[in-house]
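First chain A sits with chain B, and in the next complex the same chain sits with chain C.
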Partner chain A sequence: MIRVLHRPGSLEEALELIGCRENRRVYAGGTELLLLVKLGLAQVRELVDLKRLGLDGIARDGTVVIVGACATHAAIARSRPVRAFIPVLAATAGELGNVRVRATGTIGGNLCFADPSSDVGCVLLLEDAEVELRSRRGTRRVEIGRFFVHAFSTVLADDELLVAVRVPVPSRTRRRVTRYRRIALGERPTAGAGVSLELDAGGRIVRARVAVGAGNPHPIRIDEAEAHLQGQDLATAREGAEDVGRLAATACEPIGDVHASPGYKRHLVGVMARRALEDVVVELEATRG
Partner chain B sequence: MHSAGGTVGARAPLLEADAIVTGRARFTTDLYRPGMLHARLRYSDHPRARVLGIDARRARAMPGVAAVVTAAEAPPEFNQRIGLSVRDRRLLADRMVRCVNDVLAVVAAEDEAIAQAAVDAIEVEYEVLPPVLTFAEAIAPGAPLVHEDKPGYETADYIRPFFSPTVDNVATRLRLEVGDVEAARRHSAAVVAGTFVTQRMEHFSLEPHAALAEWDEVGGRLTVWCSTGKPFRFLNQLAPLVGLPMSRVRIVTPHVGGDFGGKGQLAVEPYVALLARLTRRPVKGGYTRTEEFIASSHKTAFEIELELGFAADGRLLFLRGDLRSDTGAYDSYASMVQIHGATHLTGPYRVPNVLITGTVVYTNNVSSGSFRGFGSPQVSFARESLLDEAARQLGIDPIELRLRNAWRPGDVTATGQVLDPERIGVSIADTLEAARGVVQEFSASTPEVGGRRRGIGVASGHQGIGGGIWAGADVGTVIVKANFDGSMAVNVGVGDVGQGASTALAQIVAGELRLPLGQLVVNAERDTDLAPYDGGASASRQLFVTGSAAQAAGALMRARLLEIAGQVLEVATEDLVLEDGAVHVRGSPGRRLSFGEIVRHALQRLGEQPITVGRFAGPVVRLDANLRGAPFQAFDYVTTVAEVEVDAETGVVRVTRLATIQDVGRAINPMIVEGQMEGGAVQGLGFALLEEVVLEGGYVVNPHAFDYRLPRFPDAPSLKNVILEHPNPRGPYGAKAAGEAPLIPVAAAIANAIRDATGVRMNRLPMSGESLFERLSRGG
Partner chain C sequence: MSDRTDLRLRVRVNGEEVMREVSPGRLLLDFLRDDLRLTAAKRGCDVQVCGACTVLVDGAPVSSCCYLAADVDRREVVTCEGLAHPGQKSKLQEAFIAVGAFQCGYCTPGMLVTATALLAEHPRPTREQVAEYMKGNLCRCTGYARIVDAILLAGGS
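And now, the complex of A and B:
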């Protein structure tokens, strides 16, 4: 049962409060943690509210878009810089959960909770994002691909707060398209996968990202599929879409639930990856020259 | 037919709509009494175990705990066996637990957290026994017995002919035979057969069960506020458990947030009543959402083996069906649901030869029972799926095949009920004819879009109104009282669970009196002390039965007001007309008496407050041991057309359009009817594709909205409602019912659409993405 609510007014104050007591947890939107408390799955005596730390800003800073940890999904979906430079993140945030979750849930909360069926982590992986972690000991930046350890588990230390997400702005001289596909059979996404391709002036793939979100315990990149796509032209990439799907399906390790068995989830991951690649190819072809 | 002065047929907003949308409506859990305690229940930890001991010492010693009660402390009347079909359950288990919703102890404490902590502190020692978990396990020779004392159990009189008193796990068996199925089989040109399985489903009323009990020491009276659409049924069940005459027990229902068949048997009410009496303080208790899944009951799952035989021209020659259900550890409604399902298995079709058998078994699962449709949605899924297959085999259009077999006036149902057009009305064919146009409209779409296959399916259903198997008659009573100013108070005992019963009844009375709706009030709370007895929101009976009583009460009030006005004005009543809250003399503009003037005259000169009592009684012939009888007042008829898109690669089905074509007799309030049609369509979609309470080892593994997949707004297809109005000769203004029918054919319509899209016949609900994917990858 929650007995104490701390409402720090500054980051320093918040950092003082965390990490020194068991049964004390931070929260922002509360869409994950408070549900667990309600269901009796988490024992929390004290809450530290992060909503008054000014961490909800979203801004472009040169070559990165910095999204504050307490920015809500709805705010991200609406944000001009996110829509302009990382449209896939805006689209994913705009479809996440339901309208109430989007209005209160935050990107930081989503990442730190590390729900295995989160879409956001996968999308950030496709865009080479980093997270900024702050503690009284200092600040460190961690590639999003190294942030997740397992389902519900990250590298975040007890005394650390995730304060921002940094997403590089794609180069204007190259054409990049990122697409994420997912399917939700229950309350949460069942399977999700995304593809990001960047072409050079000659129409060759110079940067390929293939990642699996929901369907694996945490978001992962599919190196073999990326290597497969590297250097290809769009027509060849399209021909290899089935292979990319198969590689994604093989690489993930789905956990079954009441809505889908592991085998079915694996199949769905493959379909989503292939469709995401097809979406990207169609989009890149449409915007050619 | 009497013209209804603009209120009958009007799209009037619900009387309580403002209170509900502004959050001011008060539900049971909003109520508070001074000195109130909070109750929590201690459930069994095992589906089957011998209870060796209950140690509640630690719980009793906790500060803030007012009472901990086990069977050992409860009075004998509370410990009697109860059950609406078989009296097989004790509210407080003592020596045996038979499912994880058996209650071992109840706690009342100063707040809910203390009560829960005390519940958790109760130590129970068990000898754990292997549970019986499936129909097959229960029926197997030598199976462990769920109820060792079953042969001595008492039953309700309507269940007695079906009860199995032998030493086994069978609760009830049924058999309905008409004609000669084996002979008909030999003459059939085509026979289709299949086994169909439906799942357990949770009602998921937005308002969970809740109750607040207060014991009045001075008057020796018990008041229980609770959430149900059947306040008098609760009074009947509760009074014997507390050892009081019904006159000293009062049930009050404030606003009720949904029922769907899930609030027809006592839940938390007897426990708070017991605790209130023992502690002499008000006690409130309610189910959490998780308890709704475990302690309340589910829609009864059916396994249906069905076979249909046809002549070459598509005439149905025989139906052979076997129904198998698991009631869980206790049989309150499941046997009734199976009986009702059996009476509806033939559908609204002529079938000359019928053999239906059925078995309900006990297991150590949590209870299953009543749910909107009461067995009809389950049997409709099987029958309408097979009819679709038959249409393909015979090369006859599926609507045409149904039309060739559709009930016509004068036909006789499988139970022997004559479809007398003077009483019942038969309009299934009209819904099918109307469905043709809808199918054409839907067929204009392309069959394949971007890898998604499109399909269209049709299914029909019917639902008996009122009667049922337990009642000899449907009785409804409505009281109308005239106030000093001529406004009217309408007093009813019906349940309004959100479906709009109060509004519809007010519209009927207002129609008779030519009064604007604002001049009437319907008692907002149902209070068994004050309201006339009513069977409640159940069996599609409310509008037909109580609505008829309301019409009668309104008509009597109209007659009495005219009579009194005639005396005052010295004019024959034939020369008077009733309009705008006044009585006018025909042809003499200006000669009028307002209702207020008439009432005041009556009070001052006649010594009378105009009060009228409208009654309706519709005797039926109860089903006998062979399921023969004429148990229904009338029938609702419905045909559903579904359009789906199947993602063949994933097996995921999206319903794009659902049309419900329903004959309601007369739409007293079309907006309420449409609400029922749309709600039924979407609930049917959940039944078809999404919802399932999953049991493992006797435990519910998905008892919350996380893992129980309810339909959401994005799942809802484009909905089309076609209301047909073929007035029923006996219903109020010709009205029948609206609530249950629209859910009934939906699952089969969607299954038939999937068959159309993919060639795969799905015979198990819910038709999940994974199950369809498996079938598609096996090549159908």
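And now, the complex of A and C:
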């Protein structure tokens, strides 16, 4: 039962409140936490509302787009800097859940909840994002790939708040395309994978990212698939699409559920990775300078 | 219980200023239905999937079944009862009647509220835009075709 609702008006006040008591939880949109409380899966006596801390801004700061932890999915999907520089994040946020979840759910809540059936973390992994964690002890930045520990588990300490997501703006002198493909049953993604490729002036892949989102307990990069793509031209990359899919499928460890067995999810992850790569190649070929 | 700290809530609901004490865990749906006797919003799935409990908070559709009443403090809530002046109907409501976009009617208030938000965002939506926006509102009678038709009619197409 929720007995007390704290509504701090500043980050300092919020950091004072958190971490010092059992059964005290932070929330913003509440789309995950309130569900758990209602289903009896979380015991929460005290809530700390993070919506009055001014953490909902989205802005470009030089070479990085900074998305406040309390920015809603709808705000991210609409945001000019996100659409301009990280279009894959805008697209993913705009398809998440349903229109009501997007209006209230926040990127910080999504990441901290670390639901394996999520797309946002994987997309951020493809774009080399970092999260900024604050506590009274100080501030630290963590690469998104090191943030997730397992399903529903992150490196966030009890006294820490995720305050912002920092996404580097791709270089203008190189062409980068990032695509994420997922298959969802109802509103929850069952399997998802993405590919990001960046070409040099000669058309060689100088930066390759392959990552699995939904389908693994937490988002992971597929190093072997990335190494496979590095240095290739687009034609060779396309020929290797099956291999990339196979490597992604082999590397993930899906959790089965009522909708799909681990083996079937593994198969789907491979298909999503292959299609994401094909999408990226088609897009890069279409924009060839 | 003595250790519970109730909150004083000030909110505009369907244009009227309301002040109430609410418990911190009170859900918006219960606040609307039980405290204010506004029963158009329905408890359907109770896990923010079906859309039957949809209301607008500052113009944005939310699932009132998974939303704290405390979070509408100093904000504006519109329920299906508030889509038109008493005794009148909005263009969208007229369109639902003209097309016959009902079967059992349980999902209708949520459909109307969500579609109102859709039309505010896209005044002349395409069929695809309607289908995409309304994806999170379920009709267990599966009467979607006429619901989409009614929204398109209200949008002038």
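What we mean here is this: the second predicted complex is superposed on the first by the 287 of 289 C-alpha atoms of A that agree within 3 Å, B and C clash if a C-alpha of one lies under 4 Å from a C-alpha of the other, contacts with A are read in each partner's own complex, and residues count from 1 in each chain.
Going forward, contacts are C-beta pairs under 8 Å (C-beta built on N, C-alpha and C of every residue); 3 or more make two chains touch, one makes a residue touch a chain.
These figures come from a predicted structure and were not determined experimentally.
Undergrad: Could you tell me whether chain B and chain C fit or clash when both sit on chain A in the superposition?
TA: clash
Undergrad: Please indicate which partner A:Leu268 is in contact with in the superposed arrangement: first for chain B, second for chain C, both, or neither.
TA: First partner only.
Undergrad: Is A:Asp257 contacted by the first partner chain B, the second partner chain C, both or neither?
TA: First partner only, chain B.
Undergrad: Answer with first, second, both or neither: which of chain B and chain C does A:Glu187 touch in the superposed model?
TA: In the superposition, A:Glu187 contacts both chain B and chain C.
Undergrad: With the two complexes superposed on chain A, say which partner A:Asn98 touches: chain B (first), chain C (second), both, or neither.
TA: Both partners, chain B and chain C.
Undergrad: Contact-wise, after the overlay, does A:Leu47 reach chain B, chain C, both or neither (first, second, both, neither)?
TA: So A:Leu47 only meets chain C here.
Undergrad: So which one touches more of the residues on chain A, chain B or chain C?
TA: So, of the two partners, C touches more residues of chain A.
Undergrad: Taking the superposition as given, does A:Val281 touch the first partner, chain B, the second, chain C, both, or neither?
TA: In the superposed model, A:Val281 contacts neither chain B nor chain C.
Undergrad: Just checking: does A:Val64 make contact with chain B only, chain C only, both, or neither of them? Give me first, second, both or neither.
TA: Neither: A:Val64 stays clear of chain B and chain C.
Undergrad: Is A:Arg3 touching anything from chain B or chain C once the two structures are fitted on A? First, second, both or neither.
TA: second
Undergrad: Among the options 674-682, 692-700, 728-736 or 746-754, identify the stretch of chain B whose C-alpha atoms clash with chain C after superposing on A.
TA: Among 674-682, 692-700, 728-736 or 746-754, only one stretch of chain B overlaps chain C, namely 674-682.
Undergrad: From the superposed pair, tell me which chain A residues show up as contacts to chain B and also as contacts to chain C.
TA: In the superposed arrangement, which is not itself an observed complex, chain A uses residues 1, 35, 39, 98, 186-187 for both chain B and chain C.
Undergrad: Report the residues of chain A in contact with chain B in the complex, numbered from low to high.
TA: For this pair, the touching residues of chain A are 1, 35, 39, 98, 183, 185-188, 257-261, 264, 267-268, 271.
Undergrad: Can you check the complex and tell me which residues of chain C touch chain A?
TA: Those residues of chain C that touch chain A are 1, 3-5, 7, 23-25, 27, 46-49, 51, 54, 57, 60-63, 66-68, 70-71, 114, 117, 133, 135-137.
Undergrad: Any idea which chain A residues touch chain C in the complex?
TA: That would be residues 1-5, 30-31, 34-35, 37-39, 47, 49, 51, 74, 97-101, 103-104, 186-187 of chain A.
Undergrad: Applying the document's contact rule, which stretches of chain B touch chain A when the two form their complex?
TA: 113, 290, 649-650, 652, 692, 694, 701-702, 704-707, 709, 712, 768-770, 773
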